[in-house]
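Next up: the structures, one after another.
Okay, so chain A shows up in both of these, paired with chain B first and chain C after.
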Partner chain A sequence: MQRYPKIVRRNGKRYFFRFSLVQRMQHIILFTTVITLALTGFPLRYYNQPWAKPLYEFFGGIDIAPWIHRITGLILLALFLFHTGYWIYLFFKNRVGRLIREKALTVGNVIKEFFSMEMIPNKKDFYDLIDMFKYLLFFSSRRPHYDRISWKEKFDYFAPYWGIPILGPAGVALWFRDEITQYVPGIALNAFYIMHTDEALLAAIFLFFVHWYNVHYSPEKFPMATVFLTGYLSEEEMIHEHYDEYERIMKEEGLELEIISQNH
Partner chain B sequence: MELIIFRGVRNIVDIAPPSDVCLRNNRPDVCAPYLLGVLIFMFLLVFLLPAASVASDDENCLMCHKMPGLGRYAKGENQNAVKRILYVNEELFKASYHGRLRCKSCHQGVDEIPHTDAEKVDCASDCHIQDPSSNSEFSHRAIVHDLSMSAHGAKQVKNGQVEDLPNCKYCHSNKPYQRSDTDHQESMKFLNICLQCHESKEWAERFFKHINYRASTRRSSKQVVELCGQCHADRVMMDNHDLDVVVGFNDTFHGKAIRYGDAEVANCLNCHAPYQSGFSPHSILSQRQSTSPVSNENKIETCRQSGCHTEAKEEFATSGKIHPSSFTTVQMMSRNTLNRPGEADPDSEFQEWVLHMISLFYKTLIIVVVGGLALHQILDLLAIRRERKLREG
Partner chain C sequence: MLGMIMNIDINNSLYGVCPKGWRNVASACISGGLLYMLLMFCGLGLFSSNSIAAAADELNCVLCHKYRGLSRIDEKGDFRLFYINQGLFNKGPHKRIQCKDCHTDIDKIPHDPAKDVDCTVQCHLTEPSGEEKFTHKPVAEVLAKSVHGTANMDEEEIEYPEDYPYCTDCHDQPLYRPLSFFKGQAAGVSERGLSRCKTCHQTGDFAEDFYNHVTSRLQKMRVSAEIVNLCAKCHGDGKFQERHGLQGNVVASYWETFHGKAAYFGSDATPDCIDCHVVYGENVHSIAGKDSRTSATHEANVAATCRASECHANAGEQIAGYQVHTDYDDPDKYPMQHYMLKFFKYLMAGVMYFFVTIIFLELLRRLFPNFSFFKPRKEIRQTTISTAGNE
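For the complex of A and B:
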């Protein structure tokens, strides 16, 4: 983590560190595989739509597209496993390691550390959510001051993190439909089918409408938020979206006097 | 009697405007003068043309029936006139399956003119052509018998609606086999191998074509599904016969693969009459009969046939049917096959309930999550406008 300065300056503007290279790589693999999976999967679910056949033909038709879908799915599953290993590694390296150094390694402390991880939803997210709707519904004129990861971003994160463990195994079961009946009744194949396609629909709607709104269509981001490429967020975006973290980092870097208020 | 309808006829009908108008409107009163004219013209032609113009036609049927436009209106259903085209294109007829037969082999009677004594064509009659395997007269009698014993036979119909049953012509419309021109050219090259031993080219070609055509698939999977669906997807007709209407096949992976042009995937016949296991489309049985390939006892073996779900375990097939009759969210299974329509089966009802609940869970989740966040987005857009106004104003 030392390799990434918290704040960099370009053309007299401050940029705040957000995603490391490994994280950005994971995101790129995630969205290329998910888009490919959606494009090779939905023509099967919506086979009678006019766009379905041309799209499927583009991916090689019934002989090739299923294989693209399966191999891409395996890559996504591998990414899921890598990511799980990745955060467990970071958790042990940064947090459990610190507990060991401080000689405070107890089960209670480990659980406490686990729930204080930045991705885990917490009480503040709940109040932020309420504050956000208060602000949106004119009950308050102040945007909630989000910390490093807002509740919206946790939604974005847990959508795939909950979706892949359902989509992946269900997809593999439908792939090896003959062999799987050694372990599960045939009816389970029907359940897998519903789970695979409905979960995929949920994920697709979520990603292409909700997530893409947040990072592409929104008037504040249009045409595209660049943080997924650069790993850094502009000062303006930090003030708008992660004010708590902004204040904290500015203080840490000794820039307290230069903190800009949110309602400038 | 309706003769074999060829493409050529359509073209001829299309270019003749008065006949086109009358045929399309299906109005005998408009057509009658036109057709009468044609008949008189042909009557005169008979005397003008030398009768020996068709050498192989020793029954002399083509003397009249070669006339394009020869046809009449017959009374059809609901007093509507039905167009009967009586023209036979000799070239196409000779190239068809029955091109070597005499007309009277099938059209028995027809000794008088006009043919008031014509009998209905019966495919079970003797063809007066020798079967080289037995030296006896060839006949489709065995097949007709199989059909009568099958689920499509008159004996199986309990409420007497035999007119719904498919006859031979319903499926065997005698259209040319599907094949591309390049396939044809390739196979004709193969014919040269036959000709190295067999001297008569005409004989060898006929024999070769016979074998070659019998070995190729007549209908594509898509066409098979369409053909069976003409009746089995017709809700009213299926209700009349106390059968399930097949609405869900296109939603299954089999149906989808067929739609995307997969030639290998199972169509109706691969499960209901799997030729690998010795079944024939002519002897399709009800799934409730124990000897049917889709009965509860035999189903798994049908799934396991070579090239399909060879590794499937018993459980693979026991959970229900491949294509549902009413439940479109459940794509692969429905109730137990031993039950009659409308009869309850607690096991499958529970399974359906579980699947329905999973489906409902996802529907709710999609609506709540996406709806909630969409609402958030709309409000967010309004908030951005509000802030901008505040800043500017």
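For the complex of A and C:
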């Protein structure tokens, strides 16, 4: 796998590594499919709104749009499976492999390693949340010192990662409604319908409002945060959003003396 | 007189979209009325040679009824239009029926207000397969015995006789409906099909007329959404549903299903009311209530109805358990749907209120980035920063 330098310099500024090419590609597939699914799905949910019919016609109307929706859905499901395989691969390669080398391979250690993965919520996230409210409510002027993945980013991550297993199979079941009723009672179709459309609404509103606020609308990001393309985050953004990680990397790279305080 | 001529393009007045008083223009045309206008022309007969006069119009009724403005306000205050569009009439199924076959009480010109048409009278047309005079009576009998008729009810049981439909309540404007389509297939006269008929039937318009007559029975006359709107005239009315002890707003719940949404977007391959409520292959007039053993929606028959060859042919028996007319606001009847929807609503409300609050506070915080009610002493603040990396 390609090695990425932790810090690169461009035009006299430091940039910190965040996402590898494979991860950035996964994100691009994720958001193109999700947007396409939303555009071909919501006109059906809100069929009697004035925008629904023109939008649906744009995607080919009732004969074509459902097929675009289904095929895009399959791509998203494939991405979900790939991503699951991807983190399991990394987990074994990096963590289980190390345990084997250190001859410390026990069930307990594997579980411990699992819960110390950077995406898994932990105690620090809880304290960060408290720090954040202290800061937001003017009780403290110290910003929360997030590590590599903040609790917000973990939420962003698990929104689709729990959303897809709910939406996807329900969508497939509604697609193959005839065959599925040979195994499950018909009322399950009613349940799949609610699961599919209402989880989709939750996902869409969260993504297009909260996630896009974080990466598009918020004053310092507008019009667009570029980390999803470049894979690197600027020093200023690191200080604001990942101060713990910033300090750690600077120390690792021998740049302790150049660490900038958060309230500079 | 001519001031009453209104610029109405009936050809384009799509069925079902015009206001109530106008909906019955076609039946009004046929049912006749007083001729307050144009009387003097009738006696003269000067305008009787009309190039597209109906073939069956021996009595020359179109002499007067060809005028677009022929109309009046009747005793009930409804606008009545008595104009006959001959071009459309000649394409319709009643082309060869004389006006007087249906408007039986008219026997002089100018005539008095005509009675409503009774579709069960015999016409002067002989039904070719049985050599008997033709009538719609057998259809009316089937309808009378169905859930839409009162033939099987005791007199005391009939509470709201005016609610039961008559032929023209559904078949209100067959003449003015636009070109129809059978599910997915273009309708109309196939020139190639017609050429086979014409090999033998060479005289006049015989081939066209009979080909039209036969194939019009095989065409789906209305797209799914039109059928639903037709049934909704009664079943979309909450008071009507209540009067007859029928469940909830079945029209609204239909529109919420995939069937309904596809119909809304113009699909003519999606099922409408008739496709599920009429036993597959049976007369559409024979719809029975769902408690009747012969009903397509009786619980013993639902699976067979869903699994009809053009629909969910590969589905299991259990497809019958799918609840089409779900009312999400009714926790007693549809508890699963009601509480699932509630769960997602509360989940979304919780997530969104939480994050919108944070976004709001963040925006507010940006205005005073370094302010704090509790100023930490300088040394504590220093310590916090220098140890932050070791947390």
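Please note the rule applied: the second predicted complex is superposed on the first by the 262 of 264 C-alpha atoms of A that agree within 3 Å, B and C clash if a C-alpha of one lies under 4 Å from a C-alpha of the other, contacts with A are read in each partner's own complex, and residues count from 1 in each chain.
The definition used in the following text is that a residue touches a chain if its C-beta (ideal position, glycine included) is under 8 Å from a C-beta of that chain, and two chains touch if they have at least 3 such contacts.
Note that the structure is a prediction, hence the values are computed from the model and not measured.
Placing chain B and chain C on a common chain A by superposition gives a clash between them. Once the two complexes are laid over each other on the shared chain, residue contacts for A:Val184 go to chain B and to chain C alike. In the superposition on chain A, A:Tyr243 makes contact with chain C only, while chain B stays out of contact range. In the superposition on chain A, A:Thr106 makes contact with neither chain B nor chain C. In the superposed model, A:Asn11 makes contact with neither chain B nor chain C.
Contact with chain C, but none with chain B, is seen for A:Gln262 once the two complexes are overlaid on the shared chain.
Counting the residues of chain A touched by each of chain B and chain C gives the higher count for C. When the two complexes are superposed on chain A, the residues of chain A that touch both chain B and chain C are 44, 47-48, 53, 56, 61-63, 132, 135-137, 177-179, 181-182, 184-187, 189-191, 193-195, 198-199, 201-202, 205-206, 209-210, 213, 218-219.
The part of chain C that touches chain A in the complex is made up of residues 255, 258, 260-262, 264-267, 270, 312-323, 326, 334, 336-337, 340-341, 344-345, 347-348, 351-352, 355-356, 358-359, 361-366, 368, 370-376, 381, 384-385, 388-389, 391. Contact residues of chain A toward chain C in the complex are 44, 47-48, 53, 56, 61-63, 124, 132, 135-142, 145, 174, 177-179, 181-191, 193-195, 198-199, 201-202, 205-206, 209-210, 213, 218-219, 243-244, 247-248, 251, 261-263. Those residues of chain B that touch chain A in the shared complex are 250, 253, 255-257, 259-262, 309-320, 329-333, 351, 354-355, 358-359, 362-363, 365-366, 369-370, 373-374, 376-377, 379-384. Contact residues of chain A toward chain B in the complex are 44, 47-48, 53, 56, 61-63, 132-133, 135-137, 155, 177-179, 181-182, 184-187, 189-191, 193-195, 198-199, 201-202, 205-206, 209-210, 213, 218-220.
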